[in-house]
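First subunit A sits with subunit B, and in the next complex the same chain sits with subunit C.
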Partner chain A sequence: MREYLSFFKIRFSIGLQYRAAAWAGMATQFAWGGMTILLFRAFYQSSQNALPMTMSELSSYIWLQQAFLALYMVWYFDNDIFGSIMSGNIAYELCRPIDIYAMWFTKNMAVRISRAVLRCLPILVFAAFLPAPYNISLPISPAAGLLFIISMILGLLVVVAFSMIIYVSAFYTISPIGIRILATSVLEFFTGAIIPLPFFPQSLQTLMYLLPFASMQSTPFMIYNGYISGERIASAISLQIIWLIILLALGKTLMVRALRKVVVQGG
Partner chain B sequence: MKLYLKYASVILRSLMQYKASFVMSTIGQFLVSFTAFLGVYFMFSRFHSVSGFSYCEVLLCFSVLLTSFSLAECFVRGFDTFSVIISNGEFDRIMVRPRNEILQVLASRIEFSRIGRLLQALLMFAYALPSSEVVWSFDKILTLFFMIIGGFGVFSGLFVIYASLCFFTIEGLEFLNIFTDGGREFGRYPFSVYGEGVLKFFTYIVPLALFQYYPFLYLTGRTDRVIYMLLPLIGLLFIVPCLLFWRIGVRHYKSTGS
Partner chain C sequence: MIELRNINKTFKIAKRNAGFREAVKVFFHREYTYVNALNDVSFTINDGEMVGYIGPNGAGKSSTIKIMSGILTPDSGECLINGRTPWKDRVNHVREIGVVFGQRSQLWWDVPVADSFELLKDIYKVDSQVFKKNLDELKELLDLAQIIRTPARQLSLGQRMRCEIAAALLHSPRTLFLDEPTIGLDAVSKIAVRSFIKKINSERKTTVILTTHDMQDIEALTERILLIGKGRILLDGTLSDLQKWSFMGASAEEMVAAVYKEFKI
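And now, the complex of A and B:
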């Protein structure tokens, strides 16, 4: 356990070094969130019927999304890992007496968390002071706040477990570009990053909620703003746990199988 | 120009060595903008109109923007990835060659995979052109043409500014993405949707609205003022200060020494 912790620490402190990038990122995300809210405001003003979420629920969702973007970005991949698979440097890592799956997992968590730590607070504080329906409000109850945190951690684990499968797939395909592009474009859509899941057509919604992508960012944010409440919280969180177990098991098995017949290219 | 074509053919031929990868990234580019389209589609299946603009009108606006953006990204991508050229010292090499450095930077990278995005834009055009209620007279077609050219100019200008800033900072500046990528994302809808302040900003400071919103009003018959049709050409002037800024940057250039 200790070695993974130190991997985490190293990656985490590397991540904290990029302060200028963090400021630039914050400015971008703030503008992005603001524009998204203005866009939805225009839609809301144009028609009063058929609103799946209230404006204040939506605003909380959008600001959380911007603040914790780094935690849940499906398009982020550690190029070092792909590089080590393609160049054959992975051979060195395999010599180490540690579990490579766990090591990559911790590294990925550390990068995401360090980026999010730098960026989230200023965005959240700024967003809290915006005028009423466009600001981020507090979680609807202390219980919801607590469940939000639990669900947020689960969501992060699901994202990382999912990206592990993509890393492992590079063992099989050598060139990971195809799968990565698919992951970045289509999956991002299914996580609710482009438009929140409640805005999807009714017929698709049940399917969307059952897919693992809803368990990433959508579930925690919807618990926060009260869109998911009562008994639905329990089922949403259990779904997150189920997906986490499935993805972990799948990633781990694929990895073991890949390593059994790994062919290291070049020397 | 001949030299540029030569560069282009070299890039194209080297790309064709990895056909599968090229096809993949083209499809990827298509999918990326396709989800953006789906986003618009889902919103309109619920709301029907936004600030008085119908679904078809928004699609028309979206496709104009996407066309000009993907053209700019295809041909001016060299400036977008300029921080790499600066930080690995490649620019020193460019400076000693007896050719114009803008040409060389332009030719350093041509992203043919952006055709995927262009294809998406053309498909939307094919859908939106007949079903929008625009009467396609000569001046309307000309307006459309101006919009695309103007958009290409403004986006290219933004890429040039982005590159010029690298002379001072060495690194790329992520926040400028608000105008390029953000312009692409949010320019799907006419800028008036976002309110007066945003519209003013995109008119006077970063002139995205000059080729998107105003000529669009003319195109959809919301106004008869011919000046609105010509505004994209004025927007094209945006490239002049950008190139001046580039000049200043080049003069300020100190090699990174690596």
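And now, the complex of A and C:
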């Protein structure tokens, strides 16, 4: 374990070095969150129909999304990893007495957490002081708050386990660009990063909830704002665990197969 | 003890002629050629030996090193290093070897070299006292004291290579693979690296296998030479064995060129 912890520490400390990027990121996320809320406000004021979420639930969702963007962005990939596969620098990683899957997993977690740590607090504090219903409210109960944290950790693990599969695919495709573009454009929809999942047509929703992408950011944020409550929390968290196990097993298997026939590029 | 017996490795390479039409054709039907990177390669290296592994570009040197370090699985053949087959027991095997790929870097780009070393200490689970002893020794021999606190990206190539070699030795490996360790270095750094390798081999009894294109490396370092060309071992002997293909008084460089010509490689 110690070696993975060291990996985490070194990657985490690198992440913390980029303070200017953190400030820029925060500014973007304030602006983006604010814009999204204004957009939905117009939508709520003009709509006659009953909408699936209250404005206050929606605001909490959006601010959480902005604060923890770094944890759940599916379009983010560690270029170090793609680079090491494409240039053949993975040769060095293969010369270490460690499990590469576990090492890359740790690295990814560290990058995401280090970025989120720098950005989340100012955003959350700022969003808490906005006038209702455009602010972030507290979780509906202490229990919901606790389950939110559990679900949040699971969500992060699901995101990383999913991106591991994309990394491994680079062994087979040489250039990962195609898969990255696909992941960026399609998955953003399915995770609820662009529009919260309850706003999708009813027929699509069932499918979307069952896909692994709902188990990323949507589940924890919806537990926080109370949209998912009661018994549905248990089933949502179970689904996260099931997807985590499936994605881990799949990624690990693919990795083992890839390494068996890997051709380290370059002389 | 390193033993390779009848190692074969073939690579599949996609090929096409130049031009747009060809590119479109390849989209539907791809042609492959097979390159025999290693052809029945066998040799034995004893503990504490220092061996120069030479041959022209594309001869199969790096492939052999990759097989011996557990990165590449051969199609057939046996390889036993300290009693283990590298690709079957990778994790235990790599604990006992150190590898330097001259054209790549194992140091973390953004952090001081010392941090990379600390990380390696944890990866190899090196005991703190052993680590300190090794580090002090390497610091002195490779003159690292001044540069160890600089991020790797700000080091010159020579400085970085000294750090790379140190990084490969922190866990006191029994075997050291050096793939072109002197590539691109200036004269001073080359000499420093050479004398260091020699010292490690004689003092720690580390087995060293070294690939290089610089014949002065070979002259300065190794008694024994393995010559590989087109995936075959062509010669296993000493530098003076190369002499018979060349004229008297030829430099090592000229001898090797004559041998390459002789074997048409």
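One rule holds for everything that comes next: the second predicted complex is superposed on the first by the 266 of 267 C-alpha atoms of A that agree within 3 Å, B and C clash if a C-alpha of one lies under 4 Å from a C-alpha of the other, contacts with A are read in each partner's own complex, and residues count from 1 in each chain.
Everything below uses one rule, namely that a residue touches a chain if its C-beta (ideal position, glycine included) is under 8 Å from a C-beta of that chain, and two chains touch if they have at least 3 such contacts.
What you see is a predicted model, and the numbers here were worked out from it, not measured in a lab.
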item	value
More subunit A residues in contact - subunit B or subunit C	B
Subunit B versus subunit C as contact partner of A:Ile242, first or second or both or neither	neither
Subunit B versus subunit C as contact partner of A:Ile195, first or second or both or neither	first
Which of subunit B and subunit C A:Arg2 touches, first, second, both or neither	second
Which of subunit B and subunit C A:Leu94 touches, first, second, both or neither	second
Which superposed partner A:Ile10 touches (first subunit B, second subunit C, both, neither)	second
Partner chain in contact with A:Leu146 - subunit B first, subunit C second, else both or neither	neither
Doubly contacted subunit A residues - partners subunit C and subunit B	none
In the complex, subunit C residues that touch subunit A	11, 57-58, 62, 66, 69-73, 90-92, 94-95, 97, 99, 101, 103-106, 108, 110-111, 115, 118-119, 122-125
Subunit A contact footprint on subunit B (complex, rising order)	21, 24-25, 27-28, 31-32, 34-36, 38-39, 42-43, 45-52, 171, 173-175, 177-178, 182, 185-186, 189, 193-195, 198
In the complex, subunit A residues that touch subunit B	20-21, 24-25, 27-28, 31-32, 35, 38-39, 41-43, 45-47, 50, 52, 175, 177-178, 181-182, 184-186, 188-189, 194-195, 199-201
Sites on subunit A touched by subunit C in the complex	2-3, 5-7, 10, 13-14, 17, 87-89, 91-92, 94-99, 260-264, 266-267
